[in-house]
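The two complexes that follow have subunit A in common; it is paired with subunit B in the first and with subunit C in the second.
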Partner chain A sequence: MSNTTTNYIGKPASRVDGRAKVTGEAKYAAEFPAPGLTYGVVVSSAVAKGTITKIDTAAALSLPGVLQVFTHQNRPGLAWFDKKYQDEDAPPGTPFRPLYDEKILFSQQPIALVVADNFEVARYAASLVEITYETEPHITSIKNRLHEAYTPKEYKSAEPSPRGDAEKGLAQAEITHEAEYSHPSEHHNPMEMHASTVVLAEDGTLTVYDKTQGVQNSQNYITQVFGLAKEQVQVISPFVGGAFGSGLRPQYQLFLAVMAALELKRSVRVVLTRQQMFSFGHRPATIQHLVLGSTSQGALTAVVHEGFAETSRFEDYTENLVNWSAMLYKCDNVQLAHKLIQMDAYTPLDMRAPGGVTGLYALECAMDELAYKLDKDPLELRLTNYTNIDLSKDNPFSSKELKACYQQGAEKFGWAKRNPQPRSMREGKTLIGYGLATGAWEVNQQKSSAKAVLSPDGQLKVTSATADIGTGTYTIMTQIAAETLGLPLANVTFKLGDTALPQAPLQGGSWTAASVGSAVKAACEGIQEKLLAHIRNLKEGPLAGVQKLEEVLFADGKIILKSNPAQHMLLPEVMRLAGENFIEATVTTKPELRQKKYSMFSHSAVFVEVLVDEDFGTIRVTRVVSAIAGGRIINPKTARSQILGGIVWGMGMALEEESVMDQPYGRFINHDLAEYHVPVNADIHDLEVIFVEEDDDIVNPLGVKGLGEIGIVGTAAAIANAVYHATGKRVRDLPITLDKLM
Partner chain B sequence: MNSFTYFRAHEVAAALTEKATAPQAKFIAGGTNLTDLMKVNVEQPHHLIDIRRLPLNKIEETEENGLRLGALVTNADTAYHPLVESRYPLLAKAILAGASAQLRNMATNGGNPLQRTRCYYFYDTATACNKREPGSGCSALNGYNRIHAILGTSEHCIAVHPSDMAVALTALDAKVNVTGPQGERVIPFPEFHRLPGDTPNIDTNLSPDEIITAIDLPTKGFAENNAYLKLRDRTSYAFALVSVAAALELEGNIIKEARIALGGVAHKPWRKPEAEAQLVGKEANPENFAQVAETLLAGAQGFGHNNFKIELAKRAIVRALLQAAKMEEIS
Partner chain C sequence: MQKTAEKENLEKASVALPPTHTVTLKVNNTEKQLQLAPWVSLLDALREYLGLTGTKKGCDHGQCGACTVLVNGRRINSCLTLAIMEEGNDITTIEGLAKGDALHPMQEAFIQHDAYQCGYCTPGQICSAVGLLSEGKAKNEHDIKELMSGNICRCGAYTNIVAAVQDVMQQKGDPANE
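Up next is the complex of A and B:
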């Protein structure tokens, strides 16, 4: 199909929703209007732990325009069982229930909702609510508490499973490296604040505009908690201003807005403040203990990776933190542990590449340190331990072009010019360092549905209840549909983010392209089948006699006879002859069983150059080359953007990001974007993305692996390794701020 | 944010009259800091007097061959003004090291020195802060104090002043022209801001009923030998951990006059005349610069997380002076 005009997969395409976004036509959760809309503002706890002994709402209620102040004292009776509050992404435990009782479980816990008929009054009234607490001592750090760590009953992904005998492997080792790596809590901080607009219709049904990564997850939560039928609640979320995992669980503004709407019988909007964006799930702080043993030639004889991570008092949040150390390299003896330490803070939450970006940071820094001990090039060390088998499962990889990532990345970067000696490359007072790291991320396909409807004017509408959190879902689904039916991109519209549409998984885990993409392709193939059924009935015309799909080509807006391309028909012609006004197909796709015999991962090799001021320890990341093996790339333009975003965030993780927990208050204290630093334009220099060729017909029918997370994985470790190479100083606690280098 | 009333003044006299009738009112110009503080309930004025339209929006040469910066000229227009660029490049550099382009387009010359500290605890009404609520305590002393002061602190407050512009104005010996019910007066810039002492709630020696009308730059601009060095946690849009405004007058390699002001280390831009005097007649070299750094940092005290600032400031002083003396490239 390479010579057709409707060959879109693999070609760059600008975002189909780009114009709507830059003109403001695209509406976000807090922007949908409603007649008689009221506004809720959340009052947050000033303390981390204790009991509310008094809430004085009199001053707030006395303001003209204030409709109600909801607290634990006057909230409606709601669902009783934990299960009702457990959303699709809930870890085991007792989910937090807003306004449940007088107990304070974490600082900034929502303890009241002030609703008024305008936002300004609601906000002012919220500042007048007076709360008296009886505080209790809180614990908000995992440092020095490793002895309290426990093994959770249940892990979100695979349990850490040892193999071989690490103790023996270490005894055999000629060189060992042992160290502790850590990083702080981090918050997602999407540009768009979490918001819900709940519109109450006269018949009592709710239309909920929510910031979410899965409308069906929000719908299920609302129906379970408030005892409503699905028909009574439609959740809509066409655009999301970034989420990065923060929208994987319904956040408390949704609960509060729905509760207020039902109680007041009014439409209600609740938008969180930037400060309140630090009041819920976040990347958990971890402390990781790594021991590597190797032969004098660098062959790994043992890998020990023990991770200690924060969780809340009420849920056991886990992520795939340590299993990477069992799959990435060839080693017979692996010992893993992943333990939790409770804090008086909210439960952590998936944040871009959860576990991978943190666990691999530790492993890849440890590998770098081992390379220096071995006096071996860090790239050589990785090649020495390269494996084509996932030894943690004894499965072959469905595809693994990591070697090509190393080779192409190293060449583009100029890795060969590196002087292996730390602190050996400089220009005046500027120290220069090169570093590299490997990245990996799981490939998953989830059950997904999509519907395609072809109209007589040749327009195709495809729908699925997935999300586009800025990833480019609208665009690639349009490309997949257009190419499958051979239609121009302009003839295809893709709709998402609505519970009225066919079911789709949460948008997360880098699986949307693979999962929803497969469903979209299958739905369009369903249309092909239906068109074929009509073609079979044709007694005359260019396609008469065609019996099988293999005999024709859907391209250039036409159905073309392969054996004689001069013979073709337009899609609407077939419909007209068949007397069909619409042709539609709804298809659900699931992963194929044969996937179970394989391990499926995307990989990356990240090469970084840093310049460090010798006197001040200020670091500039001047060059990054990220070589990605991510299967088939549907849209190189949006794909590159995905990876660039990941690299930039990796820079933030390495050098800037930290949710600072004030210990006396048990409160994240730098809770705004002036003091919670993410990279700015001036931090960004030369970034290069390479997509290496990778064919994979196991992962899914499209051969795509997903790119949402792989770009961030590996970046922080590569930067940390480059900083060591530049300075000779190893900082094992992120972020690497200048004070740590002085 | 509370409900407030609003008055727009077109003449200085009208602004002062309005203030006299509503003493608790706040003046607002660019609003880049006040509105932030209002949103988080740190400031809750019931009345705002908008002075943005006052006719104080020119940059003019003074009779003494200096420059008068109107209080309501934006920071951006000031930094890119040809006379500022050519005669007071140190000021232009300091302004452009601060905030973001968007903020500099709104912020004014009179407002910039009046911005409040960026101490986390000052901004969070759930915590104690003597600057926000006198007598409530200082949370930074035993809290997270990485960005806090190492010089001139008191047991009541260890906050720093966040302005870059003010550091350069201190070094340049600028003068603040103010007007109020008692008439006009001039405050030398180095005396404009205060140390916290036991009244950390009072940032400056400007009376609440006075308005800044202009900032005067003296004749001497040190255009030939100056540097503004700002060290921070990211390349832009971050407050200084340490900054140095350095200006030298050189005769060959001999220092005739030196000015050094530090930002990010104290409740006000930090300057020490005896340190500057120490350099006069000396050769511009790293050893002499290191000595003056020791003098400037004498008595510096860290509070745990910010201990690194002492050594960082010393190194920054040396580097900035080397840059001012053109003995080192500016990276």
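Up next is the complex of A and C:
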């Protein structure tokens, strides 16, 4: 019934946690107080590879207020097996263990933790720790090392799934395009630096405030590594100051803070510096080799996509880099490879749309280049190769409104006004370019639990141990719960980020809305059932005689008889009559089996206008239209923000972001926010988001697909393609900085 | 390669820690006395010594704007000033913008326009925007973008931040809302 006041799904509700965020009340990991709190500061390795031959901590320890300097020499005995250190997001291999031994595996490796009564003393003391190294030669580049690439024994992500005979397909091709695309390592750099506050209670139990995308992942890690029982460790994370993947694995400040707290029997806070935010997982640099073959009409006859990506010496990190080339277009012959090259650096880590944003960047630039060779509109070329079947799995898509994205996006953008000739559009000395690209991201539903508790005052509390890293989880879960039980939004609270709450997956992969949303809905339906059981017992009153849920409607704070809406009861009334003080339901939801017969993806079409200064090569992205097919949109306001953020990330990737490896030192040299460039306000102009209608009853009961990553995928390629259109110069190495246009 | 001890460090270690001083800070119209060493930044004084964690640390180097507060009405990066230097000044943090339950118009506008995601840069953005308005230099959207560029938002909420600032300007009858 659309005229009820409690139809919240699809409404642009303001964030329920908004007030906390604009008043400073929202507390992040480093902001929880504790009596007698001590401060830990990390000492980082100055070299990329070698051995610590000596650590002199005497000067540091002599400072009043310094409690201890932990190093590999005095750390407590810890779990031995790799498995104990492997978290939910760990790739195959041997996870890094902080302070394990004297070996240096990467630059900025944490090699000591100085703990003091206050932060300033700890920081000063850290500068006094003297380390002597015996260095070994390091290799910190993948360039010119493709011959060393190997196929990992095990893929963390989906294995490449080739089909047909690409060689034959290329022989048949009338037009071919072959090129190499690359991009550097990038770092997540959430605004909040990684931090853990470990509060030690008198009984020895730990309350850990951690910056994480999954409290249970942190809890498991701590219990396994330190040999503690779950009851001894509670991890809490109500607010996360961005993460974008950096919080998918427990980072070393968690290990160090817990270790220090247990050893010193004190509460400890460890916050990394911005420089140290460049010392762990990051988007891996890749080099990608693309070959496309097509008929003279533009029908693809072969796609070859070979990706070479960095990994560490100790773990084989992979992401879905090349499979996009098997699913996005119609083509019988697809050859894929995804190989790794080891560097003396930390293991890469999922970073917003891992693999998708990089693999599709290469594919979508290659498609653009093919379009020029064919003298065909790039949009036409995509439509020529459109497919309603995911040929990599031979499954139909559960839904795919990509055509609508192309149409609505092109129309809004004014794609038709594009002069197909490169370097043909200008205003004085400003070159104008239009570019487009397709995006896709996999839809996933994970097993999740939620609990709902209805109290006699009509208040509903819903809980799940999920996270809100800025995605809007608090708000959309509140909307889903309120609508399901027909309660006013103000009556519903949603709690997350606490290991005491029902199990939830890591917040990643854009699956929270689908996974936790389904659990929240089911838990509220559980309450409906329980209320119904009581209604069935009613001998009199407006709902007497009701037997089935279908006979009533939960709306406007009431349970309404469908056959006669004048007959209704308040939820607390039913509880009172039943003598119930609380009604609660805890439900675990899993993906339905029938999903297996489908391929489930969100899609996007991104249109970009760039202005390039002819003399200076400066690039401005003046307009972006991103048309998204992302299933049902629960909250258009927070959804739009997700996509806007994704576009901004795409702009960063295309034009600015690069973790520059200083090869002689083997260190990311631009490890601060002045030199690692991310878009600022002045870089952003006209961004427009379109959500096309997309119904999907396969993906999950809510029909949502998730929006955290689809906004970034496609954007970088669209910008690169627009820069080519503006200038006639094809830059195949991101970021496209002005020197590359000269 | 051998890294040898820096002699300087050893000398430093033998000197005592800097003495603390009684510092009186006037924060959000309340005077607070603290016993601080001179090396405590205003940002750390607020967060670690006064429990005012609304002001955020994003870099500690004056590169991100997360720590923006108002000192005598002017926006500054609190990580780039020492607490001891701010004695006698009027410091306003995000906690001091609302009047009781009534939010500052800029806070309201941020909620209304969804001018945030994770919320970590938000206190800095809001203080910066309030400072921007009283500077009176922003005449149009372009100026707002330029003059708000010292506040990084990694979530990329810029479009909505500009909309929120324009909204408040409009309410105040400011011209910067083309």
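Of note:
By definition in this document, the second predicted complex is superposed on the first by the 742 of 742 C-alpha atoms of A that agree within 3 Å, B and C clash if a C-alpha of one lies under 4 Å from a C-alpha of the other, contacts with A are read in each partner's own complex, and residues count from 1 in each chain.
In this section, a residue touches a chain if its C-beta (ideal position, glycine included) is under 8 Å from a C-beta of that chain, and two chains touch if they have at least 3 such contacts.
From a predicted model like this one, the values you see are computed outputs, not experimental measurements.
Within the superposed three-chain model, A:Asp739 lies in touch with subunit B and out of touch with subunit C [touch as defined at top].
By the touch criterion defined above, A:Pro664 lies against subunit B but remains apart from subunit C after alignment on the C-alpha atoms of chain A. Applying the stated contact rule after C-alpha superposition, one finds that A:Ser161 touches neither subunit B nor subunit C. When both complexes are overlaid on chain A, the residue A:Phe239 reaches subunit C alone and has no touch with subunit B. When the two complexes are overlaid, the chain among subunit B and subunit C that reaches more residues of subunit A is C. Within the superposed three-chain model, A:Arg620 lies in touch with subunit B and out of touch with subunit C [touch as defined at top]. Applying the stated contact rule after C-alpha superposition, one finds that A:Glu656 touches subunit B and leaves subunit C untouched. In the superposed model, A:Pro33 makes contact with subunit C only, not with subunit B. Judged by the touch definition given at the top, the superposed model places A:Asn681 against both subunit B and subunit C. Taken together, the two structures place residues 46-47, 120-121, 124, 127, 672, 674, 679-683 of subunit A in contact with subunit B in one case and with subunit C in the other.
Residues of subunit A touching subunit B in their complex: 46-47, 107, 120-121, 123-124, 127, 275, 428-430, 613, 615-616, 618, 620, 655-656, 660, 662-665, 667, 669-672, 674-675, 677, 679-683, 737-739, 742.
Against subunit C, in their complex, subunit A makes its touches with residues 14-15, 17-28, 30-31, 33, 46-47, 56, 59-60, 62-65, 118-121, 124, 127-128, 130-135, 189-193, 239-244, 271, 273-274, 469-472, 637-638, 640-642, 644-649, 672-674, 678-684, 687.
Contact residues of subunit C toward subunit A in the complex are 1-6, 9-10, 12-14, 16-17, 37, 39-40, 44, 47-48, 51-61, 63-64, 66, 93-95, 97-98, 103, 107, 110-112, 114, 116-123, 126, 144-146, 148-162. On subunit B, the positions that touch subunit A within their shared complex are 1-3, 40-41, 44, 118, 120-121, 123-127, 139, 142-144, 146, 231, 233-239, 241, 308, 311-312, 315-316, 319, 328-329, 331.
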